[in-house]
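Before anything else, here is the set of structures, which you'll find just below.
Presented sequentially are two complexes of subunit A, the first with subunit B as partner and the second with subunit C.
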Partner chain A sequence: MGNRFAVCLSLLTMAALSGCGDQRILEKVGFTQTTSYDLLPDGRLKIAVAIPKADPEAELSRQLLTTTALSSKEARINLSRQTNLILVSGQMRNTLYGLSLAKSGLWNHIDTLMRDPSISPQVKVTVVNGDAESLLKKNYEQHPRTGKYIDRLLEKEAQEQAVPKVTLYEFARNYFDDGVDPVAPIVKDDGDSVIVDGIALFRDDKYAGRIEPGDSIIFALLERDFKKGEISIELAGEEGKKEIVMFSSLISSRKVEVGHGDAGTRTVNINVDVKGSILEYIGRLKLSDDANRHELERKISEHLSSRGNQLVGMMQEKGTDSLGIGMYVRNSMSYAAWKKLNWREEFPDVQVKCNIHVKIKDYGKFR
Partner chain B sequence: MKTEEKLSPFHSVILIHMIQTGVALFSLPRVLAVQFGTNGWLAVFLFGAIVAIHIWLMSYVYRHSGGRSIFDILEQSIPKFVLSPVYIGLICVWAMLCCLVSKEYILIFKMVAFPTTNPMIFELVVNLLTLWLLGMGVYNIAKAATVFFWFVIWMVFLLTFFYGEFRWARLTPFVFQGGELKMKELYSIYAAFFGYELVLLLFPYANPQTKLMRAAMAGNGLTVAVYLYTCLIAFGFFSLQQLKEMLFPVLDLLAYIKLPFIERIENLLYGFFLFTILITAVMYVWSAKEVSRRMFPRIKGGVLGFIILTLAYLVSYIPDVLSEVLDWLQIFSVIEFWIAFGLPALVGLVLLVQRRRGQPSNG
Partner chain C sequence: MNIFRTILQGMLKKPADAANAGQSDMAYEPENVPGVKPTLVHTLYEFQDCMDLTHRAYPEIGVDVLYFGHLVDNHQLAQDVLNPILHIRADEVHMLLRQTQFWPAADSKELIEGILSGQVAIFNGADTYLVNVSGPKERQVSTSESETVITGPHDAFNEQAGACLSLIRKRVKSSHLKVIKLSVGEVTKTDVYILYIQDIANMLYVREAIRRITNIEIDAVHDSNMLIQYIDDNPMSIFPQFLTSERPDAIASKLAAGRVVGIVDGSPSVFSAPTSFFEFFSSSDDYYQRWMLGTATRLLRFLAFGITITFTALYVSVTTYHYEMIPENLLLTIAESRSKVPFPPVYEALLMETTIELLREAGARLPTKIGQTIGIVGGIVIGQAAVQAGLTSNILIIAVASSAIASFVIPSYVMSASIRLIRFGLILLAGLWGNFGLAIALAAIVIHMSGLTSLGSSYLTPVAPFKLEDWRDIFIRAPFGLLVKRPTQAAPPNKVKNKMRR
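Right, the complex of A and B next:
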């Protein structure tokens, strides 16, 4: 028995002591929460990190360090020279990329982040319309610390489909997939707040265009199945009057159909079924009347479908297959034929038709 | 009293499964993607089937062995001095596999959690645990394996976490397109299934109630099921090209898990895999010990185990970075592959000759 006890004890001691090699003491560690990247005109990177302070006595709730360097890991060494804390990236939540850098390509930076085992694949990828560092540096008085503020903002908006949820994992996955291009949410400084400014479309890893914030929900309808989301629609009514519909609690499912024509032409139908509640309607139709309601459903469906077509047209023009239509085209043909096809060149010429079909679940507690 | 104890069928199933499961799982989806391309996860079936056929062939040996150990059978017909080099070879390979498997696990752990700590300290701790487990004998190892099994198998349920991002469209309808088959790599895929061959050494510890061969089949079936499910999820969660670029996709899967109250729990989850590694390691060193007892019958088993582990520990100082360990494992996988096929074939052949000559099969 005594023998066993000795073995146990020595094992425990050794296991515990071997942990002393790489110590991390909370007070001595600076957990990077957000990192921003900007490209300077001379080709160097401007990198800033926001570190929330654990010390309750500190006057400021965060530390912000900035440096310029050739690579992000070199920047980390530079940043480390400015602080008494050991910089670690294990609790990083968000990375902000200035538009200048997004245009020149993000992959090298994402690759670095993916390679580091201490960085979570759930770190968000966000494009800043403007200078990322100045956005991160700014304190927004009415809101939590800027890094946390942007992180929570995006998280909440993603839940309501106003922006897609884009993390290192999603970006890398779509970057590598030959049938879809990556996207990322865009934010910008709006005086007293940070505001979501649409969706950035990437061609490979380079920023190629953006979707207006108003169209983000249309993008969501065409891109994925989801529950939860809302949209406000302005319909053309009779005699030039506008009708306004607020369509909420959306549940949407989509199917993509690919057809192959005789002359090698391809047609793609994106069929979306959306159910939702009407929370606001300003117009002449009576929602409690079945015929009226169906007419409204038809009108909304037509309206959304045409906006969908416009959106796809815009993406075809930019040459970014952000909806992943290529995935469905690929899956509808043989491997050899797909490999022979240059999807990048083919995509703008594909006939894409969006059929968004709307059903009104309920229209509130008022007739 | 103790000698009458026999392996129970359930413990044997779990034991075989636990020896099979190991570090190879972490890179398996990537290797399958690189080798087979699209829908590479289906290849798990192929490998599982090869193993099943192999176990079926081994059951021939088992049926005709009459419960004798394979060494008894071999030594009955082949002089010991001819067998000695074979025995030494087996000891070396199995002892090295034991150490390399645990060292690979530790080096990955080190990369993730303790980048600058000397891995040999961890290796020593794991080896001490292995030695301790080894001292308890094979019946207790099997029981420990069953307990460890429950520590690990629940993680399969974590895979439901990936249903949200899983897309069938990402799997593509193409089967095995865009891969580059390399013989060398095929061995390393097969290495993910290694462990079942050690069932050959369990003959004397089983009785007809154990249904040893059926247990081996079931254990392998369980391994195939777990691998298949994990790889399917990986192929639908990551895009193919991405999967090809990832060194340890299963580790990335673990890293993705985020609970409302906690995230970055991959280090904790990775820790649970130590249990499967421990069983794999202990069974290889146990096998090496069984062989060495044939060569040095006068030395006590415990002492032999200690000597083997110490030597293997010293040798495992040589490959000190992950890529070197992987290279070594590759080489030993190839050797083990041929042992897995050659050893039962040899025993089968000897049995056939013995039956022809009318020698008693019950020793």
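Right, the complex of A and C next:
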């Protein structure tokens, strides 16, 4: 019995000794909400973290720590020397990369983030047009804390298809996948606000170009199926007058067809069906008339298709297959043939045609 | 759990030995050897110094009457015994005592037990008779304090075994309802009745229950909740292994389900066996409501079980180790309310849980009128002042209060108390190892429960062994048309209880 008692006692001691280690008690922890990375001209990294503060008596709602270092983990040690809180990254929501860093390649940093088990793969990847640290540092008075503000802004914009939702997971997947290149939303400082500034196109992990904010919905139409979105279109009307259409509640589905020509030429058709309702129309056509409405549908379709073709042309020029056309090409051929093909070289020469077909479901309460 | 048992046994060993050693001094040595013919002198000697014994002598007819005045019904005593004796002559005594209410007592021990249980002893020369005119004082049948329902019958058992039996007989009017009388307690000689319905109850369980009760060797048993601790399968477990209830309708339904029921004289609780863990979560109300409501309330109780067990522990583990798990919007609120608290979360949680337990215990011990003030004082002190003083965080108050409320949702008070105690272990382990500790604690509970039995049947029926059919009447309350069979745990010889199709 005494022996058993000793065993129990030692088990209890073991429990007590092994427990309580590695504690991260809430009020003693600084949760990094957003991290920004910039590349300095001398090749060092400038890293800033925004930490929301829970202290009700503090004047500022967040701490912003900045340091320069050779790597992001070294930066964390530097940053932790500046604060009374234990720095942790398990509540990270967004990572901002300055354009300078994006141009020189992101993968090393994203690899570090993916490797850390406490960092969620749902952390967003965002490119800042300009200096990421100064964007994060700035307090936008009419908006929430800057880190949270950018995160919510992107979340909401992604719901309306204005930017793609790009997380560490999606970036890494598109980086490794054959026949597709990653993208990321771009934001920039706009005085009193932060503004979404289009979509960054990457060639492998290097920034190669950008899609204008006005075209990002076209990118969305060509890239994926979605059920919510809106677009404003300017059509050339008669006698040089412009017609303006605001097309909303979009439901879009796309199909990609790959054709192989005799001489090894490839054609890709991206067929998109868009349904939506007209919220605003300024022009001469009468929407309640079937013929007129079909004419408008045709005009919008033509307009969108040509913009789609321009967009694809631009991407072919930059050599970034951000739409993932390569994946469809890959799926249309044998693995051996795909391995033989150098898609990177082939992509600019592929004949891509966008056929966007629009259907007006509804044209408003007032008829 | 084995470790736990070992520790407990280690602690209990010495006192138990001491008790064994001292038993020979304490033990009650019956002086009445069976078969000894009863005599007045011997009987009076046995009841020496018992001031409450009434002794009436009728020297002219040579009759002596002995009884306890407070145990007999005076009216019946006068009608059946005293009046006839007063109105006869000496030579008629012999004829009178041949009337059927007079039982000849052949054995001195039987006679003394008869007097003790409220019978009247009559001595006439060498002959001795007993007349049953017992009519002890009993509490009125009233509503149950501990198990209330909104719809359905409100009567509850009282302390008199006879009243309990009559309440059950009134509900189960069948000659198949059998009652076996046993006696427990060397000193108290408490009556224990085992009830079962012939051809529905499994006789293996009936015999097992009887065997265990007859094996009890103890001086006194005062309540059925005490008795079941002498006969349950695992005395070291924290969980009650037999269901007790004060409600005659609940007990009648247990009988009809083929379970064995036991009544202890002097206790308003009646136990039923075999019992599964999940039975403690059903209330009679479930059957009196529409089935969807019954189902919803039952699911609510299982949810409450989960909340009670894990809520505070989860708070501790999340605030101590797993800040990643908190949603962004809640994070700052919790951190803010924690920022003034000087203790780590585990001490904070233990402090609040202890306070709640103090309040509950104080409320249970105090008279109802003062009990209300306890609620107000506790509500204000704990809810407001503790937070303002910076002793605890708001969120913890919510966690502690909701898990306390959730624990009261469980209909059986005994089970609810057990579960509330387990919570402390979970909080400690969550403070030591975080979610890992929580998982270990939950696993230990499941492992322990898997090993439990009730009268030899699995405590976790119908989950293990897996009996999907029983789930209709355990986790949900299916419409009566679907409740076709009796529960498998009772292993009834007659399985079908509902032949109607609708």
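A few comments on the model shown:
Assume the second predicted complex is superposed on the first by the 348 of 367 C-alpha atoms of A that agree within 3 Å, B and C clash if a C-alpha of one lies under 4 Å from a C-alpha of the other, contacts with A are read in each partner's own complex, and residues count from 1 in each chain.
Just so it is clear, a contact is a pair of C-beta atoms (placed from the backbone, for glycine too) under 8 Å apart; a residue touches a chain by one contact, two chains touch by 3 or more.
Everything numeric here is computed off the predicted structure, so don't read it as measured data.
In the overlay built on the shared chain, the residue A:M327 is in contact with subunit B alone; subunit C does not reach it. When the two complexes are overlaid on their common chain A, residue A:G43 makes contact with neither subunit B nor subunit C. In the overlay built on the shared chain, the residue A:G240 is in contact with neither subunit B nor subunit C. Contact with subunit C, but none with subunit B, is seen for A:F5 once the two complexes are overlaid on the shared chain. By the touch criterion defined above, A:D22 reaches both subunit B and subunit C.
In the superposition on chain A, A:F31 makes contact with subunit C only, not with subunit B. In the overlay built on the shared chain, the residue A:P121 is in contact with subunit B alone; subunit C does not reach it.
Judged by the touch definition given at the top, the superposed model places A:P52 against subunit C, while subunit B stays out of reach. When both complexes are overlaid on chain A, the residue A:G90 reaches subunit B and subunit C alike.
Note: residues 7, 11, 15, 18-19, 22, 90-91, 118, 120 of subunit A belong to the subunit B contact set and to the subunit C contact set alike, using the contact criterion stated above.
For subunit A in complex with subunit B, the residues that touch the partner chain are 7, 10-11, 14-15, 18-19, 21-22, 90-91, 117-118, 120-122, 169-170, 172-178, 324, 327-328, 330-331, 334-335, 339. Subunit B contributes residues 38, 111-118, 121-122, 124-125, 128-129, 132, 165, 169-170, 172-174, 177-178, 238-242, 245, 251-252, 255-256, 258, 263-264 to its touches with subunit A in the complex. Of all the residues in subunit A, the ones that touch subunit C in their complex are 1, 4-5, 7-8, 11, 15-16, 18-20, 22-27, 29, 31, 33, 52, 54-56, 88, 90-91, 93, 118, 120, 148. Subunit C meets subunit A in the complex at residues 3, 6-7, 9-10, 13, 319-324, 326, 328, 331-332, 334-336, 338-339, 341, 344-345, 431-433, 437.
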